[in-house]
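What follows is a set of structures to go through.
In what follows, chain A forms one complex with chain B and a second complex with chain C.
On to the complex of A and B.
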């Protein structure tokens, strides 16, 4: 027999009488999961530290005289495992009886009833009767914050919430105080939470101990339709599942953790859907009659706009079109087509929040340089420049942190103030905006030693400094990928779909002159200002006060209040389509509800085009997306991924973008975790939590 | 700092803090709590905050520890805390009777303090003095083979010391 010191590559064991093979170091509970054998557990949660607190996953192993928890036992050579032996079955029953000794049997009123892990397990494995005759220890339900409620009696002390808050988010706002039957979860600020208010503790709770204040006692899970869609707020593109009952969104959560965000959601994704049913939602088109905006029918409003557009077009007048950071790719594509072929103008722009154009240009001729969300979790090293990631891009921050926890990724943070990454970063530096490139030289040696690097940069890196950053990255001699951070749900899609004068969709130079957003507003000769889902006149006025202003929006914004015609638009949660996130991945929007009187922006464009007698093509989301796939470079994405609710990576142009892009117009709005641009004031939740509105680069 | 501790306690704190490497100061939390409690007799919120700051942990992590360990006290006890063991060895040697005698003679219940704040009593689990059962511990001082009569003498001595 050959002697060798090499560790074994395969472990042979026996599970319920069957011979199995597995990788060394496999946890018993993961082995059974792979093989489709259920070993019930409460405290075990993949990706977080092991607790072995609940004792539900006890199994019989030949090497041990007593039952072992599957969640902390590693399968070893020759192990004989029984997961369904009479002893194990009896142990499960006893553990459930024990957990129920102080658990109220209030399932009929509990929010978790119907999707409760404890309820499911008692149903499947439990004993119907309890031998416990003493009085249960009861403490009343109490608020931890305006969004999180805690019911101590229901808590089974699995520590999942404590771990997700500490390990997952790095917030550490929950702990367990007292001992024995008196143990309970406690928040970090006296009896209140001081945290991200993300509600991850609610989702991860296997029972109904932590509940959502916006949802509690309102409905039951089985009464709702569960609609998976993409969050309407920031650019990270988390999948959120809306629970809808009677055309009303009751809650949003991470029901099946199937999105690119897995178990992650922030306050905006989980609670910030409430803007959708804000009483100020516009529900009827409005036309300015005798100086006042008055509700009119759709046909009247469309006719008025079509007549005006045709008149200005015939007279060779000047249009200015302000597009959105939040409308779908289909809407963006159709709008630029409307502008360029329908109205014959190239005056189309949006509030640019990241210099993607220069990045794509600077990387011309190189392959695989734009990072995807998966890269954030896999990269060996990452460099964050000029962004308070945990506040501005919470999913990206979560992924980097998860990468650090699981793979010891080395994180470098170069920011103007303290950020959450400081706590675990390999190196941090306080550098003012605009001075980053010079400061990077100090890290050159260290960065060049990394096997690979992923660079995320905010809006301070643009134009010339972005080219310098790419030069720096490419001179390190290691594989480097980049992420240009952008602000909102479809900021990336707005650029990709050519909502700028200098580019057609797919980064194709337009070759025509066109007005940028500030130029439109400064142009005293402008005849028509058409604003779609944006608020450019929030803090300024236009040079030509007589310009005919058409606005499509959810609310009567400052811009809409000055319009001649206002169309009530449907929100992202009310439409079908696709959006592209900060890492260039396309995901689907699924219509969950409908607000009476609104139409999607795409439908408004279609109807307006028809009214004007234009031939712009079918305006159904599917048809337009097909057109995008055929015409926009990089968007020929894999349909099955999209159709199954996944994130399909785009592959933008790999070549020079021969345009003078206006990098100077790139400016991030600097939203925090608790703000979402002009939508902030329409979300009650974002305005009631104690941490609002938050602050970037705040000392922790 | 908002709490004033004696130089001796400060020195004990510093010694234990220095014993752990950077990033591992959490290990000092329990000793720091005990040293401070020895001096002040009670663990206040301010004390926990101060320890959290020095041991580089969150306040809640200190709170968790204090809530878990029964020897760390958020309520004040008597100047002399009389602990009577009723665990197996002591119980077999008359510990339970001793405990009842303590309650009756002092007119106190478990974890209660006398009106003058001098004496408090507590029924405790094994303190490792089984060979000399039944045992009583007054603050950090052990008394062995304690009978009800001996118990009364101890109390008289404590009252005499004031």
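On to the complex of A and C.
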């Protein structure tokens, strides 16, 4: 393109009599927002397409005889803008008057009452009295799905829901039908939705037109305590704000856009918290007496376990410890310390879901190779290998899509079956698991032309093939970052905290032999099997049926049902601590509610250690996290980030891991958007939506 | 097919009306059909645009934008495909001219579109026909097929190496789809709601590509301008409103119909000489000179020319050329209700002031028409119309607010009389104070 005169770098304008300066291309409504001047709007929503439909943001601009919508007007040099002139104030007032003609004034029973944008605007800008005396148009409320309800009478047709569904999630399940005053939002299956059931449409609705069936008519927003914490389900680590009343979670959303996911939540994050209040939650320790598990006191159960552990330890017996993908970093750290220093065993493992160890080892000596969540939105190009992100990693899928929408990022998808990225990807290929590395050569030329690349890969890439992938990436001659996809809320933290026999926390080789998870179950000499938040005996039995089994869990899982002692554990929503997400960012868990009779896993470890007479240190989450920061490489994170609910990146190692990791044990559980391991069974919402878990590609 | 012609007409666009089988290509070719296209090909694109500019042709769809200027906005060298779209979504109450042009002389339309296609270096055109005009689609498609046969459409047209395909697309019955960007959405298979402007269709129209969008009558005029020269057309109107236009006069006149009149015609001349005047013994009450969207004129305001600028000066507009005449028998309150009912029904619902405003206005006017309400309600109508005007997303809201506002302003007395008359009726005692 021919060079012309350099465009101006600053625009001078006048806003309400004040001289102001702004960047070229700034939307008027964003300018006022920056300056703290409110220009009200319903349909304008940052990040989505412009509508100019609600006409609330009309302002006076010297260049036009008509009032102009602030949401579509770009500030130009010398513009004189009035946002509070009598004409503008009167236009706003009349716009609200028009809106209220058909809007039911049922605020006292409307779910949105108290946090409704229309209510707020009428309060601030509306007329004191209504001139409308005729009959309002009314349509009855109707369910779109088991979670989404629609009340057409309340709908102001701002099309936010339509846009978040289409542009944001790429689902396009909502549209508009009919014409004029009869226009209303309609679901894609005529009278019902077939979609991700993410509920984003509910949250983005400025009024009470779209409501959540799990929350509606239960409480008022001001009656709840709003607790920011991290979602308990998948590894993406979305921040979620729980609305809590009387020790019950009423709803989850993230309307303040804080956290790495901003407003994003999927069905699990927004509705899947209901497992927490399932009637099957364990609320008392149980001890096997006369062949049956019977409720006993905490002291009795702890004493029984401590006595058995001490006995086996003294006799030089064999322990096997199965750790969790969901427990906090503090609990993981304390558990491995308990095993290694308290019990003197290295037989500790968990269900590995991604080969992070090999990735870190293969990248030794290189800086800045592990991507953070922010990179997904910023990268110029991304390559997805062997994972249906929309099913398994919905936030990652959302961020890539957002990046493509806002920055035209080029996405490459190499998967065994069709994925949502196909719709907008620069290139897609259907490649069976295990054949990706060979197929990648076909894209080499194209990928090498990208300015940078972010590679996300599933569990089919592990061990040798992962090393080949890194070789491929590093041979492209462009900056490449990697994300090893893992399954659950703290799968990454489990590896970082050394819940594998070959590694101590911080990827330090343990140097000792130890049993892996399948080896423990296959060992006919095993004396004790201690399972924390896992269900290894779901589909198999153990080689030594006489082994003493201790289980800490929320529910009586298949493994717990065979245990000798069961401790009722607190869920992620009931504890303080930290978890590490798929992109290695540490986030805070906040105790929002409490279930009577439960204790956190950390507390159970502490009490058990004390009962055994071990010296394992204070078991408060703060004290343990302090120890982690000092002892675990990469975890010396900036505390204010965590304290304010942010995501603090960790940088594991920058050197050879020097260990023979068991990549062959890496298997993703293949959860979908509508499943979450053994918690699926206990979430009513996940079981009532019409959508069936999508077909996922299982690695052979 | 059409009303008897008036001796005052200047027949340019309607010159083939009345010819035996005027809708066939044989009749068309026998009367200089496609000579314009051949001439355009010989002249070249730039000359065509200059010719149209010189003709002072202004868009016949309603807005009256200079057609030549519009043509010059299209980036003809853009690497994107260029589209020609004909707006045959004629839905303005009071307007019924495009229908006659298509019915009687479809080839003059096809020729005009082909000239545009050649000029814009386009290979594809669409005629978007109003859903209710479904019967015209057969006529158009037959004519298009004939044109293909004569190599006036299709591949390598007249040996020039230029290809042009023309398609007919039916609307589904929405007035809003006559708005150019809503039409493009509808043509793309989307919901017929207007688009954000800018960007304008000239650069980002159909499928985000450069698109030339004109009314049926505008394209037909192009055919004759190119064939007979700009001067021959321009001489029939004032300097900035060239040529003739098909004026649709309806309402309380003795000879309602569509007449092709020079734009220098005045409104009294049209009513009295062309339209045959009012019925005997009647006096003029009001005129809407540019379709139902135009502000109403009182009899004393009617001494105006019918060109775009004169009517704009009179505080109304030439619009789509639908002139509605009301005599003293007309109930102006009912008329206001009739207009607002139309716009309320046709509002697409995209923006708040139009969607809610037209509905509210309709509810109030329905009451007033039955004599329920007070003069405060009449004032409210005026105020709501004012609050809508200029604040809606597209011109439909303005089209509803503008005439309504002008009616309550100019005929406040009529409302008062009607309310008083109804409310003065003897009301049975038992019904007083109910509610």
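Throughout what follows, the second predicted complex is superposed on the first by the 692 of 700 C-alpha atoms of A that agree within 3 Å, B and C clash if a C-alpha of one lies under 4 Å from a C-alpha of the other, contacts with A are read in each partner's own complex, and residues count from 1 in each chain.
As a convention for this text, a residue touches a chain if its C-beta (ideal position, glycine included) is under 8 Å from a C-beta of that chain, and two chains touch if they have at least 3 such contacts.
The shown structure was predicted, so the numbers you read here are calculated from the model rather than taken from an experiment.
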Practice task
Could you tell me whether chain B and chain C fit or clash when both sit on chain A in the superposition?
Solution key: clash
Fill in the blank from the handout: Comparing chain B and chain C in the superposed model, the one touching more of chain A is C
Practice task
Tell me which partner A:172 touches in the superposition: chain B (first), chain C (second), both or neither.
Solution key: first
Exercise for the section: Could you say whether A:186 touches chain B, chain C, both of them, or neither, answering first, second, both or neither? Expected result: first
Exercise for the section: Could you tell me if A:58 is touching chain B, chain C, both of them or neither one (first, second, both, neither)? Expected result: second
Handout entry: Segment of chain B that clashes with chain C, given the candidates 26-34, 98-106 or 116-124
Key = 26-34
Problem - Contact residues common to both interfaces of chain A (with chain B and with chain C) - result: 175-176, 178-179
Exercise for the section: Using the touch definition up top, name the residues of chain A that touch chain C in the complex. Expected result: 50-56, 58, 65-67, 72, 90-91, 94-95, 97-99, 101-102, 131-132, 134-135, 137, 156-157, 175-176, 178-183
Handout entry: Contacting residues of chain C [partner chain A, same complex]
Key = 174, 191, 196, 344-353, 355-360, 363-364, 367, 380, 384, 387, 390-393
Handout entry: Of all residues in chain A, those that touch chain B in their complex
Key = 172-179, 186-188
Practice task
In the complex, go through chain B and note every residue touching chain A.
Solution key: 58-61, 63-64, 67-70
